[in-house]
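Two complexes follow with chain A in common, the first pairing it with chain B and the second with chain C.
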Partner chain A sequence: MSMQPAGVFAQSYVRDMAIFRTWKQGAALGFFVLALLLVPTILGPRYVAIANIMLITSVVVLGLQITTGLAGQVNLGQAAFMGMGAYTAAALSSGQQWPFLVTVPLAGLVAALFGAIFGLAAVRIRGFYLALTTIAAQFIFVFAILNLPASWTGAAQGLRVETASVFGFVFNTDNRMYFLILAITAIMTVGAYGIARSRHGRAFVAVRDDDLAAGFTGVNVVRAKATAFFVGAFYAGVGGALWAYYIRFVAVDQFSLFNSVYYMGMVIVGGLGSMAGAFVGVFLIRAAQEILTSVGPSVADIFPALGSSVVFASVNIILGAAIALMLILEPRGVMHRFNILKRAFRLWPYPH
Partner chain B sequence: MIQLIEYALNGALLGLLYALIAMGFVVIYRASKVFNFAQGELVVVGAFLVWFFTLDLGLPLYVGFALALIGAAIFGLIIEPLLFRRLVGQSTFSMVMVTIGLLILLRGLVLVIFGPSVRPFPDLISTAPITFGDITLNRGLAYGGIFTILLAIGVSLYFSRTRPGLRMTVVAEDHQIAQSMGISVRRSIAYAWGMGMVLSTLGAVFYLNGKSVTFLVAEIGFAALPVALLAGLESVGGLIPAGIIVGVAQGLAAGYIDPVVGGSFSAVFPYLVMVIILFLRPSGLFGWRIVERV
Partner chain C sequence: MQPATASQPTVADRVPSPALSAEGLSLSFGGVKALQDVAMELRKSELLAVIGPNGAGKTSLLNCLTGFYRPQQGRVVLDGDKVISGLPTHKIARLGVSRTFQGTHLFTGMTVLDNIMIGRYSHMRTNLAQAFLYVPWTRREEVQHREFVEDIIDFLEITTVRKRVVGELGYGLRKRVDLARALAMEPSVLLMDEPMAGMNLEEKEDLARFILDVREARGIPIVIVEHDMAVVMDIADRIVVLDFGRKISEGTPAEVSGDPVVIKAYLGEAH
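Moving on to the complex of A and B:
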């Protein structure tokens, strides 16, 4: 439970539901945004590259947080939805020369429609059976990309992507891309918080907690599940488009089933149902990945049999162990732990 | 005509192999209500255990194989105290999520312990193909198919006729009720994973006979999923018809549709079959139709 500092009382419903209930919260966010804006000037180019990947992953994982965290629908096709977005953006930008501002929303939309198909399966299929149809999404995606005409998708060779440009301004360096990605991530984040507080968000939570009971209280369960998949896949598509513009090359193996599993892991570590948790999860796992990549070579000297796969292997061990430990010790994720800590701090020195 | 029969027969044998892999999955679900996403990794662990005890240690083939099965059972049994003990009584959702953690963890552990290189797999069965006139069949898969059918009947009888099997069935229906009837949910989960591991190892033996083993073998876990879903997650006996349906469909697709489409359509086809059948019968062909209450 979140708890306000002593002396903060809302005098109207609007105030009670506001995102910023005290000016300090607004100021804290302001400082955080300022810090994010200063990343390229303070930290070196290597960190900007890491930050870019983290932000793109955050958009994808935010979407998964909506589908799985809010609406409770296990989704192991998020990488496929991301791939749909990436390929749409890549094909439209390099083939048709469409502008960035058009391709990104379109990429989101194409991914969302692809995702909604699997949500609509909820008409008949329920529970974990539905989760498994999303694995089918992964296989259908790979099959479609490899077998559609090569002039659209590049088939096995992959596709090169043009640099992003908005109104003639070309985002051709990592630093410039950083601000572009940051701006879009910010928009998507505001959107995610809005969705969580909206009528749809409440319907999602009701469906997650008990879909039968939600149905009896008047929630259109099938629509809620389809919407959850639609929105989650939209986020994946936008993230995929950003990925395409940032890496400037798309290939099928960037969007494998194992990536979907990884995104799921990030959601679990961060905390199911918490939007801030999505960012925390992405940050922790990506940071662990980066640290292991930099110490990897020296570990490889100790275990020469592993060769270059040591990074992948050790990231897996850490992430797998982290997921298991989180679920056993704190099923509600790092963010929940953080909130408990915050509350304890506010109540101190009293126990309750 | 001969070709049609050959495609169908080879497909059916592959389908029965999927059924054997899926059996590990269904047994775990059937005895603990946990949906095991790490099934493919269990097959890899089983395969590497067989490799380790036979080729790496240089033990005689059947001694090594027996040791590998014992090792697999022990490996399965220790998963419960490590991962599930603290989660009994919590939502099945977290238990299922733990298996996603297990999937990632095992992939990493296999890479660290056995390395990424390709290892030869011992041939427990002769690799010479079986020929009937013009039809050739893979001997490993053929013996595996017969074995799978017998095993499915046995396991199915175990769950429906014997006391320990019925106890596990109760756990699959409801953890709380099972617990209040004096049935140990923990023990049931532990045995389920032990059995699942042994079945996965057997699956690996028939699948990899005459092939080699890497961590990528795990993909068969997801390839076998349509069979489990088609049968309905609770039905062991249903795996046989489901496996044959999926396998024959895949075999015919590989023979007749792939050359036309020019791609690996047969790899996607089982999933399409699965989605269509789930639309028609949401709990599979033989799954329990559970009346849900709020």
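Moving on to the complex of A and C:
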């Protein structure tokens, strides 16, 4: 379905493989990055807080996009993998006083190793059964945190986290954290695109589309599945570490099955297999959540009979219904719709 | 000028060991004996056809050669010294045995180009960290293998569809992509499972030409499992005939088509 703008002819394979093939595409990215950099100056603190959460969620959902979107392995344990990373970062930063630049990759690695275990499970089972097995990750996570020594994990009390600092610069405000999170998100995004268009990304999609043929083509299917979980959980772990440094407190209930389901919803709404779709999905669902939670209380004021608990419940009902509708109307996600539109514009005024 | 006998070595001299050989293969599913003590040998740069009536064990034989089935007895040897039976499919593929499928088993969500690039997977070395950073070396490697793949795309005349998603392509083109992916692996042996099935005459002729070109230009020995007698008789160097899991005949097309055992297997016994 891919289609290039008319008149653009690559003269070399490097140009042909480039993500940005025209200067206009590059300029569009430039403006987008500029807009992101200006968010704290233009928008108020409330929006910066929302943007922070959105960016952190994007990292986690990018990971899920790799595991589920590219490699086709259903994963309902992404929040648990995120929690693993968050707790690793929290324990190492407040317990051991390890610096931010060390704890974040370590948090990713710990989560990745935890995730790879479930990747090995994916070798034998798939689809619905794999979904159930990854749900087990959620319970193992809670069980582990509550039963490991409280001096490591804080058990039911949770853990406080030190402020992030890089080379002596302390990220102690929301605005400062915004730039730190943005930088890490940018690195993780570039990495996701790199993996997706490398031999590993192709192997993931091969395993998703036809694991039998993938084996005959020299792809070690067992390893590819475990790697997909490893990478996806690495992203969750890094996202978790950012979460820990941003919220500066971690507790088990921040990483529930509920969150995992929402991450899955974001991937589906954005479009399975599309890295840009991960961001679109996160933005749409998070924005809807924010709007519903801010509108909700005023609705409760107008109709006191509903009560505040009804408002909370209705947020989930409305969002759940939106995701279900999305699955019925456009199961391939917003990005797919966008690509069809883009193609139509490039072809206009010809029908095909 | 030297006499022809001196400059032209005999077949036996040119072929020190077979490209692929199977010895005493037996495979059964419960009570069904799919293969019984089958031996076959694929010589260097030879086009060998495996034929037989329905249920004769042709596809079972192919699946044993590629490691998809594990024969209960016997072994498969590559290049005269590498025993490959018992290895997982991806290891056998990496040793140089590649195959195409009856119907197609392509990666329908990927472009033609990416499908064929998958064939280069085990020839590429970029690890996860290098892919994450997309280091210059990774880019160079991609370009280098892209050039290799483009050669195959040219060869199979699928240049115009290289950026199309395979799911949108017609059957004839898909078969070519399937062949391209197998060739991208730089196989030392190519196995084709009923490549002509479901094609019209023109598509069959095209594919037959490509198969012969592969053998001529690239010197890859080919095993072809096929129902279409006309095609087999035209292009095969030698033919192995299976019936009820046993090898009943072997030889050149002329020898095999005159063999009374083969005629009996196909037409039944005259009463």
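Everything that follows uses one rule, which is that the second predicted complex is superposed on the first by the 336 of 352 C-alpha atoms of A that agree within 3 Å, B and C clash if a C-alpha of one lies under 4 Å from a C-alpha of the other, contacts with A are read in each partner's own complex, and residues count from 1 in each chain.
Here, a residue touches a chain if its C-beta (ideal position, glycine included) is under 8 Å from a C-beta of that chain, and two chains touch if they have at least 3 such contacts.
Remember, it's a predicted structure, so these values are computed and weren't measured experimentally.
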Inset, instruction - Check chain A with both chain B and chain C modelled on it and let me know: fit or clash. - result: fit
Legend entry - First (chain B), second (chain C), both or neither touched by A:Leu132: first
Inset, instruction - Could you say whether A:Asp210 touches chain B, chain C, both of them, or neither, answering first, second, both or neither? - result: both
Inset, instruction - Calculate the angle at chain A, using C-alpha centres, between the directions toward chain B and chain C; round to the nearest 10 degrees. - result: 80
Inset, instruction - Examine A:Tyr13 and indicate which partner it touches, taking first as chain B and second as chain C; both and neither are also allowed. - result: second
Inset, instruction - Quick one: classify A:Met177 as touching chain B (first), chain C (second), both or neither. - result: neither
Inset, instruction - Could you look at A:Gly191 and tell me whether it touches chain B, chain C, both or neither (first, second, both, neither)? - result: second
Inset, instruction - Tell me which partner A:Val74 touches in the superposition: chain B (first), chain C (second), both or neither. - result: first
Inset, instruction - Report for A:Arg199: first if it touches chain B alone, second if chain C alone, otherwise both or neither. - result: second
Inset, instruction - In the overlay, answer first, second, both or neither for which of chain B and chain C A:Asn220 touches. - result: second
Inset, instruction - In the overlay, work out which of chain B or chain C sits against more residues of chain A. - result: B
Legend entry - Shortest CA-CA distance between chain B and chain C [superposed frame, angstrom]: 6
Inset, instruction - Across the two complexes, find the residues of chain A that touch chain B and also touch chain C. - result: 210, 212-213, 216
Inset, instruction - Please name which positions on chain A make contact with chain B in the complex. - result: 72, 74, 76, 121, 124-126, 128-129, 131-133, 135-136, 139-140, 143, 146-147, 210, 212-213, 216, 257-258, 261-262, 264-265, 268, 303, 305-307, 309-310, 312-324, 327-328, 331
Inset, instruction - Name, in rising order, each residue of chain A that touches chain C in their complex. - result: 1-2, 12-14, 17, 190-191, 193-195, 197-203, 205-206, 208-210, 212-221, 227, 231, 273
Legend entry - Touching residues on chain B, where the partner in the complex is chain A: 35, 37, 82-83, 86-87, 90, 93-94, 96-98, 100-109, 111-112, 115-116, 222, 225, 229, 233, 261-265, 267-268, 271-272, 274-275, 278-279, 282-283, 292-294
Inset, instruction - Provide the residue numbers of chain C that touch chain A in the complex, in ascending order. - result: 66, 68, 88-90, 93-94, 98-99, 101, 105-111, 114, 117-122, 124, 126, 128, 130-134, 138-139, 142-143, 146-147, 150, 163, 165, 168, 181, 185
